[in-house]
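Next come the structures, one after another.
One chain, chain A, links the two complexes that follow: it is found with chain B in the first and with chain C in the second.
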Partner chain A sequence: MLTFVARRLVATLLVLLVASFIVYVLTANSGDPLRELRGSRDPSAQDQIAYLSGLLNLDQPPVIRYFSWLGGVGACFIGQCDLGISVARGQQPVIEAIGGALGSTLQLVLAATILAIVIGVAIGMTTALRQYSGYDYVVTFLTFVFYSLPIFWVAVLLKEFGAIQFNSFLGDPVIPWWSILIIGLVMGFIASSIVGGELRTRVISFVSVGGGIAALLILLDVTRWFESPSIGFVGIALMSIATGAVVLFTSTGFHNRRALLAVGIVVVLTVILSWPFQFLFYYVNSPWTVLLVLAILVGLGLLVGFFVGGDGKAVVARTAAIVGGLGVLPLVLDQMFIRWDEYVARIPLSNGVIATIGASTPAIRRVDDTWLNMLDSLTHMLLPTIALMIISLAAYTRYARASLLDVMNQDYVRTARAKGLGERTVVMRHAFRNAMIPIATIIALDFGAVIGGAVITERVFAWQAMGSLFNEGLQHIDVNLVMGFFLVTGILAVIFNVIADLLYSALDPRIRVS
Partner chain B sequence: MTDKKPVADEQSVGQELSIEQRATVGLSQGAIVRRRFLQHRGAVVSVFVLLFLVLLAFTSVGTVIGGTGKLTPDPTGTRLIVDGFRIPGWWGFTWWERYDIVLPGGAPTFTWWPFSFGEHPFGQDNTGKDVFARVMRGMQQSLNVVFIVGIISTVIGVVLGALAGYYRGWIDQVIMRLTDVIIIVPLLILGAVLGQTIGGDAFLLAVMIGLIAWTGMARLVRAEFLSLREREFVDAARVAGASDFRIIFRHILPNTVGVIVVSATLLMSAVILLETSLSFLGFGITAPDISLGQIISEYNEAFKTRPWLFWWPGLFIVVIALCINFIGDGLRDAFDPRQKRVPRQRSLGSEVGNFFKAYIPGARPGDRTSNK
Partner chain C sequence: MKKKRVSAAIAVLAAGALALTGCTPPYESEVIADTEITVAWNDLIDNFNGSSAAGNNTANAVVLYMMNSSFLYYNSEPALVRNTDFGTFEKTSDDPLTVKYTINDNVTWSDGTPIDSADLLLAWTTIFAGVTDADDAPLFTHANPRGDLASALPEIDDKSITIVYDKAYVDWEIQFDLGVAAHGVVELAYPEITDPEEAKAMFVEAVQNDDVDWLTPVAKAWNDEYQAPSTPDSDLVALSSGAYVLDELVENEYVALVANPLYTWGPSPKYERIIVRQIEDSTAQVQAIENGDVQIAAGQPTPDVLELVKGLDNADYVTADEATYEHIDLTFNNGGPFDPATYGGDEDTAKAVRQAFLKVVPRQEILDKLILPLNENATLRDSVLQIPGAPGYDDIASTNGSADYAEVDIEGAKALLADAGVTTPVEVKFWYPEGNVRRASEFEFIQQSAALAGFTVVDDSEPTWAFTDKEALPINPHDAVIFAWQSTSLALTGSDQYLGSGQPSNFGGYSNTEVDGLLKDLETELDPEVQTEIQVEVEKLVWEDAYGVTLFQFPGITVWNNSVTNVDPSPLSPTYFWNFWEWAPTDTE
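And then the complex of A and B:
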């Protein structure tokens, strides 16, 4: 398996090297970097032209310049990176520009990709299991529509329409009765379609889910929760119970009493521990605390599973650990929403709560509070992530559906059913893993589209991130800046390829053997 | 279904035919494909919608053939004329001239009740230009780019894929490493660099995109050739003394037409999104030339005050891309011989796996296991 990954890695790096040469030469030939200066009437323009020409070695052909640039990149291995300077950004070293830009783009791309995979696979699988239902037709049609959406149009719509509507809603948070009705009906329809079965089960799931969500919305509306959203003790308890139920439903089912007990203990522990963790989060104000708490909760889950599990230790411990790990989310969200009022007080008045410009609020950036900064990032990232997610979402949905349908028609699935396994075990244990093999391939292939989408999304939302490096660099024919962007995306592409390969070999034993 | 299917005579055909085969006995390949395509309701509707849009775009404001597209004052000095051979259309306004603003702010004159188009149904921009004329011209250019890229990419992809798959060996190695190099750079990035180089001309942009968008087609055609070249009919042709050229283009290529047609269609739907995205970023078609993405880019800031400048071009992009996607799906259903007979109500959704095999080049389940 290691040789497989290593061979692929070397091949990708070689391909990347050739591609970087092509992009360098093409960019260098795409225009004149000194055009603006040449047109200028400034008496010092001639001196500047001579100075910059010398600085960028413009008297040499692009091929030679490429190799001196490559030499600078190669120096990274001995700790002396030199990616050149950016003329478009007042002779700032490109490495500095990348340092300031990489973080937010990485967050955006990762968040969009992970969400697209999780949501897409979930939707795709449910449609495959309920093939030819109304839900299936609606989703299939919607994936066609999502495919045909230009991302810049969606991004502008979200920015100019979604954000403004939502912000004015937050200013006066009254949910109109008809939107409660529509949301309830839609959620009820989705739930009853996924659950399926006889008419009676469908009606029960329709009423319980649709009614439950409508009731929740009415409750939030009456208590004016949206005016200052918080999670608190009750929120943590509700969210933990919900994640526990979902994980239990997909992994072992409720009939496994030991798993039910273990998950119950983990949920109760999460809720109880949320009180001491508050102080931990407050006094150790750093993102690393999240990892610490994650480790503690996963460890607790494993421990509980080990002691409660009985005969099925491995399965029960795994389920409990997943529930424990997911229990971090409500705790972190809680910390963020505690600072809601402080956040609203600090953002500029002209902005809404959901920000549409930039990747963070400068005033909040200066405050040394991890959770406040996280909340700020969250409100800034929300819309760009949705816009970026939409293009990948359709791909993952359709691919997951097709692939699960393929697998469900295989002989070994019939064998699994024939020997009396329940539908849950057949789908989750026997079919799911095999259905994920093609998805691993898509992750690497989809990456180019996500990077392209990030360039556009960042432009629409005026982020000063990697996308703006590319846009500015190409507009001013600043080859070093463009190559800085290309280098980072290239490395990311290689990383994504390796991740896909690792996933692939983890999912498919045939790879490991060869 | 009311149409009569030819039912095979049981004695003459034998019992071993499956139901699917029986439904197509006695029909030519073309007839089978046509009939399957017509059963895909979404695809058939899309064909008509797309034809309507093409006609509307080209007849309404007319078009310009050749020339640089630059605007110059005419001899009398009162009007601007566009460079190139101008074919006028039935719409009374042009896309480059300014007119008196009819409604305050240039709002659309279109009303549902009483139903009337008015003078400027899509409204006017802040300088008084007619948005309908601009959108139609933008649609012309976007469609032009789509078709030119479709033709160029298909030709390059088919020829390279055929050569790689037929000859294998070092030719295959060289061509496939070249595709790898192009594929690793996101298409938008490569397209933007090339678009910046050629500086805003629609035709040149289309040629440039065509030169980089063939990789998926080449991979698919290569895979088809790799399996088809081992078949008996190729051996037969070779024994009969056919040249390599003849075997490739007369014997194998017709067998891959399904893959090529489907993949070309889906490529075109990706291209309209690519071109409009490039134009939106300012690296594709730029003013004074117009494309749908360029219109959105130009009026991006005016969304709050003049939303109609933004709605129409976006809507047409979505409709065109949706139509091409549906047609591609219908064609895929029609050409795929492994296609199972599906209930009639499944006109929208079909077996999706193969859609993707064509849509995301190289992403075929199990493809990587066979390579390694």
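And then the complex of A and C:
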């Protein structure tokens, strides 16, 4: 196992070395880092040109400069990294520039990747299970549309509709009757397609889900909920019940009475505990409280599952723990929404809350309130994350669909069915895990693509991270900066490849990494 | 609609009681509590010493402008305005040129230390390379040290400094201004010194005794310690002498400034906080204005961006000239069609060919088709030396002979070529930066127009600017090049850099001893009228020699949200920031 990982690492290091040489020489030859200065009539320009030429050793050929740069990178192994200085960024050491940018990129890219995997796999699997249904065709059509959209365009459109238009809606939140109708019809259609079955069940699911959502929208509209959105006890209860139902549906099914009981108890506990937790969140006011509450709820879930589970202790406890863990989400959202009015008053936007630029609002950063800052991060991250996600979502959907369809035709699935196992057990326990094996490959590949997409997304959303660093480096022919970007993304891609390799062996016991 | 929390209550931060001396008018702060404006800029401050070689750039300049007071600033005309609330200066003698600068009594740094002659002496030391090391190199790496201008140690008293120039100098007015705090840089270099007055006294003594050993760490601090991409650890780095002090700097995201409670020496700003956000993409800037993320943004418009801006119903915009101007330069020494050597050293023939070529450059067409759609107020630039609107521009433009090239004159060009006995077609290798769409269009217009007079203009575009590196390429291989120069001030010196024989930015090998002499005279001329006369003389020669043609100022656009008033773009740095104290929220009434 260790030797395998080590071998992979050595091989990729060699690849990185060769690639870095090519990138370095190409970038260095792509232009003149002092071009702007040469175009300046400022009397000081000549002095600056001389100063920077000396600093960057521009009198030496790029190949020589590469090796002195490599020497600086090599020094990292003895803890004295020197990636050179960046001309484009006021002679800041590149290592500092990367330090600042890496966090934001990981935040953005990880969130987008994880969401794309979860949502993409979920959609892909539902389409596979309802192959050749109307839902399948619609999703297939949409995924191809998204797949072919250029990300810069998606990002600009998202800003127009997701921020500017949505914000002006929030400024005067009246939902027109026709959009309630359309949303109800669409949600009803999706629900009935996924549930499937006979006409009667389809109609029931269509009417109940579509009508329920339309009724909810009318209620929110009448009560002017969007003017000052809040979640409160009712919201927490509704959301907890919904997550409990979804988790139960996918893991054990409602017929498992013990699991149903355990999940019910956990949901009730979450709602009851939300009251004391409020005080914890308010007085401690630290992001660590989220982890604390998460641990408490997961622990409670395990305990409840253990005592209620009977024969299927492990399964019931796991289900209850997942429900408990997800129960944190409505609690956290509730804390954020409590501060909605204060937030709206503090931000510079004339209407609404969704920001189009940057990672935070300066006026909010000054306030020492975890939840207000969390809400601020949310309003800033929402659009760029969606933009990044929407592109890879399509790929995950297609791969998950194809992979699950493939697995569902295997002999062992037929055997499982022949044993008399329920459809849920067949899909979730026998087919799902095997269907994930090819997806693991895609994750490693896609991560690189997402970072590439982030270069553009970051620019459109004025998000200052690795992508904008790279852009700046290229525009100013700042070789050190470009190489800093290359080094970090290269290493990240290597790490994700290793993770994918390890995932194979975890998912497929036939594969031994040695 | 969201209710703004702007209360009309005016916080009188500094009472009129500060007007202790009779000569200072009582000052009343007009800062409105809890107001905040966010503006966009394409880059962010990363160095709080705007005079050093490392810190001298526009992004630093715009923020430092709001954090610092100066004896002068540029308004939107552009013209120089003296800030007499901060300090005064006067020329006390023409020969030798002597200027006395005096800081007003109530002026302090943001830590309360008075601003006095020690700070002015530091400025002298850095600007005029007052202290040098063993190799005679300036100890302080100022962006443009002028050791040749005022080398004599100036006299100082409590609040003033008297600078005696070694020679008359035309740009003496803008040559000197306050830089960073003397006690700040000394305390950064010698942390054991904590008393500002002691620090200043030691600094003054060291400069007066030319104590290089003691000053070396100070110079190192001045050169390096002000580099700060995020909020600096030491308050000394971001000491302010102006209307705002640094609140927070987040690397590449934003810088937040907050009104300086001590500030009484200048017009009072209205916003309590100003936040400058870094947004590079111009579409993103416009969408941010529409959404209300930022209130002011500026940049160079493309047709798409302009269209987007016109569609905004909550914002105003102005298109105007920027300080950068486009021009075509011809090459005099590369054996091409404009080089006398091609015609056996016949100067007149080469000049006729140059004049003929410039006559067919469709300047008006370029302006009409490429620039007017972006800036409806754009005009042709008719002067090599001065920016339109600047003092003296009209005099220069009307008499310098640029009128000969105002219209395309195919017949005139043909006649010139025929009289000179040059066989057509004449091949002209024309360079423009490859990938630059606007310049590619300009090239096409020129190519078509020139063809009518017998010029074959060859596309010699390259992505690189190799010809600007005179060490690698002493002679420009292109016959004609098109690019832009940027003006950062109204200084009259500096034009010798590209017009003078053999100067570093003279890429075309232009050489006219008469021009060289006139520019040298201009440098030491103190009478504004004579200055204009000399400029007219220089321009007449340059246009007569057919050195090249100037085309247009780059169009700029400034967009602002309706929630702010009194935004007034200016061509020179710090552009729209120049009157930041006049910006006010719309809904305060």
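Operating definition for what follows: the second predicted complex is superposed on the first by the 495 of 514 C-alpha atoms of A that agree within 3 Å, B and C clash if a C-alpha of one lies under 4 Å from a C-alpha of the other, contacts with A are read in each partner's own complex, and residues count from 1 in each chain.
One rule holds for everything that comes next: contacts are C-beta pairs under 8 Å (C-beta built on N, C-alpha and C of every residue); 3 or more make two chains touch, one makes a residue touch a chain.
Keep in mind it's a predicted model, so treat the numbers as computed, not measured.
**Student:** Is A:F77 in contact with chain B, with chain C, with both, or with neither (first, second, both, neither)?
**Tutor:** After superposing on A, A:F77 lies clear of both chain B and chain C.
**Student:** Who does A:F461 touch here: chain B (first), chain C (second), both, or neither?
**Tutor:** In the superposed model, A:F461 contacts chain C only, not chain B.
**Student:** Per the contact definition in the header, classify A:G31: touching chain B only (first), chain C only (second), both, or neither.
**Tutor:** Both chain B and chain C are touched by A:G31.
**Student:** Which holds for A:G358: it touches chain B only (first), chain C only (second), both, or neither?
**Tutor:** Second partner only.
**Student:** Go through the superposed model and pick first if A:Y283 touches only chain B, second if only chain C, both, or neither.
**Tutor:** Touch status of A:Y283: no partner.
**Student:** State whether A:V156 touches chain B only (first), chain C only (second), both chains, or neither.
**Tutor:** both
**Student:** After the superposition on A, what does A:V23 contact: first (chain B), second (chain C), both or neither?
**Tutor:** first
**Student:** Touch check for A:W178: first (chain B), second (chain C), both, or neither?
**Tutor:** In the superposition, A:W178 contacts neither chain B nor chain C.
**Student:** Pick one for A:F141: touches chain B only (first), chain C only (second), both, or neither.
**Tutor:** In the superposition, A:F141 contacts chain B only.
**Student:** Could you list which residues of chain A make contact with chain B in one structure and with chain C in the other?
**Tutor:** 31, 156, 160, 459-460, 471
**Student:** Using the touch definition from the top, list the residues of chain A that touch chain C in their complex.
**Tutor:** Listed in rising order, the residues of chain A that touch chain C are 31-32, 35, 38-48, 51, 89-92, 96-97, 100-101, 156, 159-160, 163-164, 167, 171-172, 344-346, 348-351, 354-360, 362-363, 365-366, 459-462, 464, 468, 471.
**Student:** Along chain A, where are the residues that touch chain B in the complex?
**Tutor:** Those residues of chain A that touch chain B are 4, 11-12, 15-16, 18-19, 22-23, 26-27, 29-31, 132, 136-137, 140-141, 144-145, 147-153, 156-157, 160, 395, 398-399, 401-403, 405-406, 437-438, 441-442, 445-449, 451-452, 455-456, 459-460, 470-471, 474-475, 477, 482, 486, 489-490, 493, 504, 508, 510-511, 514.
**Student:** For the complex, which residues does chain C have touching chain A?
**Tutor:** Checking each residue of chain C against chain A gives 1-3, 5, 36-38, 46-47, 53-57, 60, 141, 143-145, 227, 229-230, 247-248, 250-254, 256, 273, 275, 277-281, 283-284, 287-288, 290-295, 314, 463-466, 468-469, 483-488, 491, 493-494, 497-498, 504-505, 561, 563.
**Student:** Which of the residues in chain B end up touching chain A in this complex?
**Tutor:** 177, 180-190, 192-194, 196-197, 199, 269, 273, 276-277, 280-283, 293, 296-297, 300, 303-304, 310, 314, 317-318, 321-322, 325-326, 329, 343, 345-346, 348-349, 351-353, 355-356, 360, 362-363, 365-369, 372
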